[in-house]
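Here you go, one structure.
Chains: A, B, C and D, in written order; residue numbering restarts at 1 for each.
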Amino acid sequence: MATGEINVGLIGTKFMGKAHSNAYSTVGKFFDLPANPVLHSACGLDLQQVQALANKFGWQYSETDYKKLLRSGEIDLIDICTPNDFHSTIAVEAAKAGKHMVCEKPMARNASEAIQMYRAAHESGVINMMIFNYRFVPAIALAKKMIDNGKLGDIRHFNAVYYQDWLVDPSFPITWRHSKEISGSGSHGDMNAHTVDLARYLVGEFEAVTGDQRVFVKERPILGSNKKGDVNADDATSFIARFQNGAMGSFCATRMATGRKNFMRFELFGSKGSLSFNLERINELEYFDGMAAEDRQGFTTILVTEASHSYIESWWPPGHVIGWEHTFVHEISHLLTGIGQNKKVAPDFFDGVKCQIVLDAVARSSEDGKWITIEEFYRE
Amino acid sequence: MATGEINVGLIGTKFMGKAHSNAYSTVGKFFDLPANPVLHSACGLDLQQVQALANKFGWQYSETDYKKLLRSGEIDLIDICTPNDFHSTIAVEAAKAGKHMVCEKPMARNASEAIQMYRAAHESGVINMMIFNYRFVPAIALAKKMIDNGKLGDIRHFNAVYYQDWLVDPSFPITWRHSKEISGSGSHGDMNAHTVDLARYLVGEFEAVTGDQRVFVKERPILGSNKKGDVNADDATSFIARFQNGAMGSFCATRMATGRKNFMRFELFGSKGSLSFNLERINELEYFDGMAAEDRQGFTTILVTEASHSYIESWWPPGHVIGWEHTFVHEISHLLTGIGQNKKVAPDFFDGVKCQIVLDAVARSSEDGKWITIEEFYRE
Amino acid sequence: MATGEINVGLIGTKFMGKAHSNAYSTVGKFFDLPANPVLHSACGLDLQQVQALANKFGWQYSETDYKKLLRSGEIDLIDICTPNDFHSTIAVEAAKAGKHMVCEKPMARNASEAIQMYRAAHESGVINMMIFNYRFVPAIALAKKMIDNGKLGDIRHFNAVYYQDWLVDPSFPITWRHSKEISGSGSHGDMNAHTVDLARYLVGEFEAVTGDQRVFVKERPILGSNKKGDVNADDATSFIARFQNGAMGSFCATRMATGRKNFMRFELFGSKGSLSFNLERINELEYFDGMAAEDRQGFTTILVTEASHSYIESWWPPGHVIGWEHTFVHEISHLLTGIGQNKKVAPDFFDGVKCQIVLDAVARSSEDGKWITIEEFYRE
Amino acid sequence: MATGEINVGLIGTKFMGKAHSNAYSTVGKFFDLPANPVLHSACGLDLQQVQALANKFGWQYSETDYKKLLRSGEIDLIDICTPNDFHSTIAVEAAKAGKHMVCEKPMARNASEAIQMYRAAHESGVINMMIFNYRFVPAIALAKKMIDNGKLGDIRHFNAVYYQDWLVDPSFPITWRHSKEISGSGSHGDMNAHTVDLARYLVGEFEAVTGDQRVFVKERPILGSNKKGDVNADDATSFIARFQNGAMGSFCATRMATGRKNFMRFELFGSKGSLSFNLERINELEYFDGMAAEDRQGFTTILVTEASHSYIESWWPPGHVIGWEHTFVHEISHLLTGIGQNKKVAPDFFDGVKCQIVLDAVARSSEDGKWITIEEFYRE
């Protein structure tokens, strides 16, 4: 690693590959970093697609074999944006190669894979980060701060939904996301992974869960064929939860929520106040202050665009709203600062494991029809 | 007046006649009054319609000649719900007959008529009230209280709109409301009367205005005929204003606001805080507290349904929302209390005159194309 | 029953007694009925309170012994607004006395009591109605109509919450609502009863449920004493559900939702469209039309105040919003029409039983930690 | 100009300089352009600040003398982000030097300066663009498309406000924006420039205006001194307008709207439908379709993040919201495409002049107290 530079190797060049590419190429323009990222190598299965991304975002090298990135002496940081079934293989190898790592969620197809990844990273001592980018929404950072400052009191309820609707259309073709073998799960790992992580971040550890998973459209057309393929990854997963601190939780992730595009809402009720957030209105946090004067209480829509709010000072003046992609810039800024200063970052692979254990328990409860107690897992 | 009873004579039995009938028959069930209303006589041009209303709401007598009500020794209170061109005639006669009075807005077709009414009431010493029922929305009562307590600081802006859309359809037939001769004006007297009164209530007296009036649909079908009649009462009136205390005002009333049914919104900005209100969400007041902690500021949606809010204790528990008709119950409760205790009430005919003077000035400015200074008028 | 009159006997004179009294005294003013209600007798434990209510609303007789009402030859309709533990006793006796009946929710403390009530009413052939008044919100009537017309397609999700916060304060004294013995349950029977009924009304029958119940504040002050009493009725109950038609459900009722006063929201997602409703904005229904032009799709806030919407024509012009209490007027109008025309009404005691069976299953699942299949129950 | 490259010279390196820098460095990553921008030279008065910006965004050269940019044979495009009093001088010189040009709003201090700029650009034949970036909000592009397609019918009302609150604090120090001599005006040129341009874009040309301007805080501290300086640029400007097509307009720009940060809202009412937009919810457009089924009409919140919406396909999937800065990327994409294909762009300097003429008329009307007819100005 050249002083002040971090060479990045990106594996996976589709939706998330693009979002991460944008983050690496933007972060240094708005944030002061101890070390700036260099877009060294992008890697994907389809060379033409890799090169297109590389041309747009300035990746220096385009590769189709991820092992070349792991072997490269120049690359400092491996960024994993592949389908879920590759996460653990790549991560374990990258750890052995001494690369710092960042991995998209869900961490893996199951907790067992995730634990392998965690252990490999832990043993090699590399800096590792999970992309749970909604922790880096300024409104959610504010929620966290307010909770930590006691503004909410004891938390009693955390009710979260994540609604999308891109699978309502039964002619939407089958992809790797519909195969449990490749993805581990459907809406559950893709969307509940976010809300479970936020629950851990804002409320605390889970104690037990019971849930229900459903495939509504059981077969879908295979692109470029006139056949259909079987869907076995869930279209929707709902569950209820108990937290160790006594709070109750409710979760619903679905890709069948007609009309909701990327609607992730949580409602958090505490003994002193409450919060509500909706990702489609990413710049806003709803806060009820139970300690305010009685006749003036209500939910306050905080427009989280003030210089006093996390990350905002780097961007624009108050009211000049930011978008979804900014969350990646914030998280990558945190990662690069960690690597540059050789400090651990959060959320890391441990958080990824903890999240995956909850997801697995929900899936098992859905099969068994009863509550599953969350297994303990400790930081080594 | 029998002890503890107030005999009411209602003149005008259409939309407002119904709303007032409901108020008289409801108020005693929810409010403790020094004197309960007796629904003595209802009067309108169409006897069948009067009788129908009387049957529904329990008016003891149905009349078609309002003079009979004025002559009745039993009737204590005359309630004027007729078209605008009758207001002054009836009110002046009622005052001479020593009747207490309540009058629907706009007070009259013009300030000159309104002043006659005010003087007649003043001379006879009867208790008189204008129906500016939106002062009696609990959310607006709260706004007033907060302003009086200094929570808003110096008021700089009062921007109000009143949007309806029932005249968008060009086949909507012509009524008395489309004739300046009968109504004095269209949207202006009907809707700006409310917002001008609220401006006076919440901000203070007007200094000068300049406005613009428009008839968009210049002729309309005559019901039961295949002819059309000319419309000369405004479909829409916009104006800007200066207040004596230095605040700026903006107003727009229109019956051409496609999609808005009874949308009266004001936004009030002060040096310490701000308010926003929308009549279609009558139970809510938006309040921005500029003195709150910087990172938690925002507009608070106060659900104005707490026992600590005006009028609410008489109704239901928190969150059990009230509707539009309740504002009349509140205002009639205030009136009956005033009559029962022989105390003046507000808003009264003086307030009606002050409002009408502003409305007249706007209309004249629209013709003259320049600012009109509001004439002084003093309480006698 | 005198021709065109229905003599009502009300048992229970607190919150619901007041709401029902208002409905009986208002309904005839706005709705054309085959038979008008006569407020014959009100009955409660505290004579002074009964008389106060009677004075306000015009009940002719004040009683403290409900059996006198059942024995009265004049009374046609018994209205049950007592605490839950009295419902079944009164209803069974009233049925035997041949009285028509209306009962507040929850129907009883448990399904066994509810079934007794249903059977008694069925055997005596009296008209019977459950107060599930939210079916009579015009916005929800519209939702039902749209579902029946196929606008929503196949329903996949029904997610409902009912949030109140009046038990957040630990110094709020203990009442009968905190005792399982009297109330059967806390938030569950009081609030989930509504959402379970709406789920049956809008989605269809339940297949299975699994839930979680919690008492957060385990003892509360006894009013007029310096002791505390034990709370055993749930502060909060969450559950997930499967419907017979394959839809998934999620429910949460809590009195610990700081800042939410009477916030009952459901979100219903179908294959063709979606709906969302919030009781605190009772005049609005959110509708997503998945069949609309792609670039103009979105959730439409329907202000349900048009003459073409159920019940509205009886009230006011568009945009003149109604309140919570109006739902009782609508339901009572439906009941009186049924009695006057000797026709069955809905929801009736059968619906009450079906709802209670679901509630009981949730409670048992919370103890057993597993899914409970909803027992079949058929209309006799 | 090297094939496929456009060398940019930026003059002005503060808020807008940063926003434009971001646009140039981002646009090529998301949009396919005939010619990519090269960040050639940045120029500002304070070399250190220029260099800081250049380091962040990759400007190759840092300058303090703008004339060097105009003389440079390499620079193709001059981007003017200076205080307003420099716009005309730089633009006229740049036109003479044959540079393409883009200029921040307001175009100049007054129409006379703006016309000089327009004529200079016209004579030299360079491509010229005004930054009215809100035309490039996807939601507003959709509004424009719907209006052009006749979805709104005849437009009757365009009511726009632009609310900010950064001058509420009287200790906020004086800047060039408070001096009429430098800025031409305060809130008026800064904020009404946007809404006037949108009015022209969406409704059509203005016919006449009458307005009111106000300085609420008449002196402000001079930074780094214990003296105060006089403010003569307006804190707030309200006006009403008539459009040539008969529509009525209302406008209010203020920096005294406590609690509103960058709240630009317009409401547009047509004979067939209506629109409402609020910049703080930049991804949403409210649309009322007056042609929809009567009982399902309402304002639809269109989340303008579909691939079928303008500009969106280049970014992210539905519901992954964009921010304020994206509007510049869209407009710069349009400009670079124009330059690359040698085609005119819009809005151009003619639009800037037309806007400035309206602004000037409002200012004059505020002094004269009467309506001012908008002077004709024709494209040469």
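The definition used in the following text is that a contact is a pair of C-beta atoms (placed from the backbone, for glycine too) under 8 Å apart; a residue touches a chain by one contact, two chains touch by 3 or more.
Computed from a predicted model, the values in this text were never measured in an experiment.
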item	value
Longest centre-to-centre distance from chain A, chain (CA-based)	B
Chain pair showing more contacts of the two, A-D and A-B	A-D
Between chain C and chain A, distance of the C-alpha-averaged centres to the nearest whole Å	41
Distance from the mean Cα position of chain D to that of chain A, given in whole angstrom	36
Cα-centroid distance, chain A relative to chain B, in whole angstrom	54
Residues of chain D engaged with two or more neighbouring chains	260, 297-299, 303
Contacting residues of chain B [partner chain D, same complex]	156-157, 159, 161, 163, 165, 168, 210-212, 214, 216, 236, 238-240, 242, 246, 248, 250, 252, 254, 256-260, 267, 269-274, 288, 290, 297-299, 369-371
Residues of chain B that touch chain C when the two form their complex	15, 19, 21-22, 25-26, 28-30, 56-57, 164, 166, 260-263, 279-283, 303, 305, 315-326
Chain B-facing residues of chain A, complex	142, 145-146, 287, 289, 294-303, 306, 308-309
